[in-house]
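Take a look at the structure set out below.
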Amino acid sequence: MILEKLKAVTTLIFDVDGVLTTGDVLATPSGELLRTFNIKDGYALQLAVKRGYHVCIISGGKGEAMEKRFAGLGIPDIHLGVGDKVEVFEKYLEKYNIQAAEVLYMGDDVPDFNVMQLVGIATCPADATNDIKAISSYISPFNGGKTAVRDVIEKVMKLQGSWFDEKPLASDSGK
Amino acid sequence: MILEKLKAVTTLIFDVDGVLTTGDVLATPSGELLRTFNIKDGYALQLAVKRGYHVCIISGGKGEAMEKRFAGLGIPDIHLGVGDKVEVFEKYLEKYNIQAAEVLYMGDDVPDFNVMQLVGIATCPADATNDIKAISSYISPFNGGKTAVRDVIEKVMKLQGSWFDEKPLASDSGK
Amino acid sequence: MILEKLKAVTTLIFDVDGVLTTGDVLATPSGELLRTFNIKDGYALQLAVKRGYHVCIISGGKGEAMEKRFAGLGIPDIHLGVGDKVEVFEKYLEKYNIQAAEVLYMGDDVPDFNVMQLVGIATCPADATNDIKAISSYISPFNGGKTAVRDVIEKVMKLQGSWFDEKPLASDSGK
Amino acid sequence: MILEKLKAVTTLIFDVDGVLTTGDVLATPSGELLRTFNIKDGYALQLAVKRGYHVCIISGGKGEAMEKRFAGLGIPDIHLGVGDKVEVFEKYLEKYNIQAAEVLYMGDDVPDFNVMQLVGIATCPADATNDIKAISSYISPFNGGKTAVRDVIEKVMKLQGSWFDEKPLASDSGK
């Protein structure tokens, strides 16, 4: 049952392109691909870190811009340029002694397929590919880059009573 | 009654991300987050300043780009990188001897929650979070960054007869 | 009658923000506002110039980026940073000995209001302000920056039989 | 019959603006036009190359940014700044000894019109011009830049059983 599973979540892992972004990249003359992130997602990510959740990024993409963005939100585990997500996932669980059943993962496309079959709760944005939707326990009503990540984090934290235990500050704003 | 309240408005305060923008930020390799603003919002903001309204920005975000944008519109009070919006709000009211009942505020997310409970008219874009919608007197039919700000300013000014008292110039265009 | 008027059009004048763009501007740290243009609009603009139409840009906005974009399409009359659009419009007509009845103009907001009342055919994008829609002979089903300009140019040129009189080349692509 | 034709496809040719992008370009002060690409399209493009399909880009547009993007996906034939697409198309077929009937082409506007009448399967995004839709065998339900390209590649490869013959890797992610 999905609500029971959400109550057990201690760990939030996210793909980047198509999940934390719309999947769009701005191609620059230097060859770098620039990404656009949503502040509502950012707010939830930094709050989850502050409240003690394990928050982790695993992406095949890379770039200084996205690395700085995630570091700025306080995310401690940022894996970019990843070839095999399952391998990175298994090492991450080992590092923090996390059980797969405690993990919520959000992905949107083929490179997420294998790892999504290993986690407690596989989730995806509304515009994930059909193959990914087919293996997801929860499909957010929001698209990638358009608060799908905020949606799942807020759901988990509200269910666990950790969304607010103090007066919110603007400095929590994920800027 | 909302129309009565709108007639009393002398002061317009806006959050930035998700209100004056869609909430999207372009992450650059230097670590700066770049924002996209709408010219229709800009038109209304500069006109409100010219017509004598108090116009104020209070945002947890910061950056030279947004500072220059707001200064270019003639907005005199631009508070960026704000940790506690209530504190900044109260000092601002004191500075200009404004009553909270004269203030229209538009916010979209948790960091706006407390300050929105203090103002005369709390408003939000169509895509604000549910928690913010629940405490708003007026929910714009437009999304953040997609003329929600223009919508409330134009409503206030038309109601007060200040939208036009002279022939409009293209130099009022908010560019 | 609108079709009769369209047959008389020799001159196409466009506002920029909200017409040739969505109205969004990317604010950069240097203070410049960068705009996004649509290639389908660009295709129609360069073709209209090649076919001998008078094509003119009148905008309150300015910037090297937009100037280069319009020059690259071969548009001969580019008026940026304009304070009074009527004044520029009247001088433009005089320069080429054009009658106002031959002019199709597309605008979207207050700074276009006065000039739109002087032209043969006032048009606007689907997302123009209500005040502008109210004085438009034709409201495109497309939004600003989303092929509203292409829509009106293609309509005029197809009606006048000038959309194609030779095999199209990819070099006409408005790139 | 469309399914029979799709089974015969060995070659995938794409226009860029309006097909691999939304048709939007960000105009920069240097005069370069920057484009935004979708990672789901990128995933399919690099996989098609790896699986042995002929993949080719033919665009009237140009720029170092897009050249690097396509090269980064492993696409061997990238024709930018093209004036006559038919000429480039015919030389490309000759180079690899490809028959026109084996070619799937996706275009969206006038410069694609002639070449689309020569290929086995002419396709277009949902937001192509009406003239292009009228000569297309398949109209994707997705817009240009919004996974229309992914849609046709995935359809061809799934039909031919080449979408997966090995465990997918995140390094296939089109980043």
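Per-chain numbering from 1; labels A, B, C and D assigned in written order.
The rule is simple: a contact is a pair of C-beta atoms (placed from the backbone, for glycine too) under 8 Å apart; a residue touches a chain by one contact, two chains touch by 3 or more.
What you are looking at is a predicted structure, and each value in this text was computed from that prediction instead of being measured.
Student: Per the centroid of Cα atoms for each chain, what is the distance between subunit A and subunit C, given in Å?
Tutor: Roughly 43 Å separates the two chain centres.
Student: What is the distance, in whole Å, between the centres of subunit C and subunit D, each centre taken as the mean of its C-alpha atoms?
Tutor: The mean C-alpha positions of subunit C and subunit D differ by 30 Å.
Student: Which residues belonging to subunit C are in contact with no fewer than two other chains?
Tutor: 26
Student: Hey, how would you classify the chain contact layout here, line, ring, star, complete or other?
Tutor: ring
Student: Report the complete set of touching chain pairs.
Tutor: Pairs of chains that touch one another: A-B, A-D, B-C, C-D.
Student: Under the definition above, what is the set of subunit A residues touching subunit B in their complex?
Tutor: So the residues of subunit A in touch with subunit B come to 26, 32, 34-40, 43, 63-66, 68-69, 72, 145, 147, 164, 167-173, 175.
Student: Applying the document's contact rule, which stretches of subunit A touch subunit D when the two form their complex?
Tutor: For this pair, the touching residues of subunit A are 17-18, 23-29, 31, 33, 58-62, 81-85, 108-114, 129.
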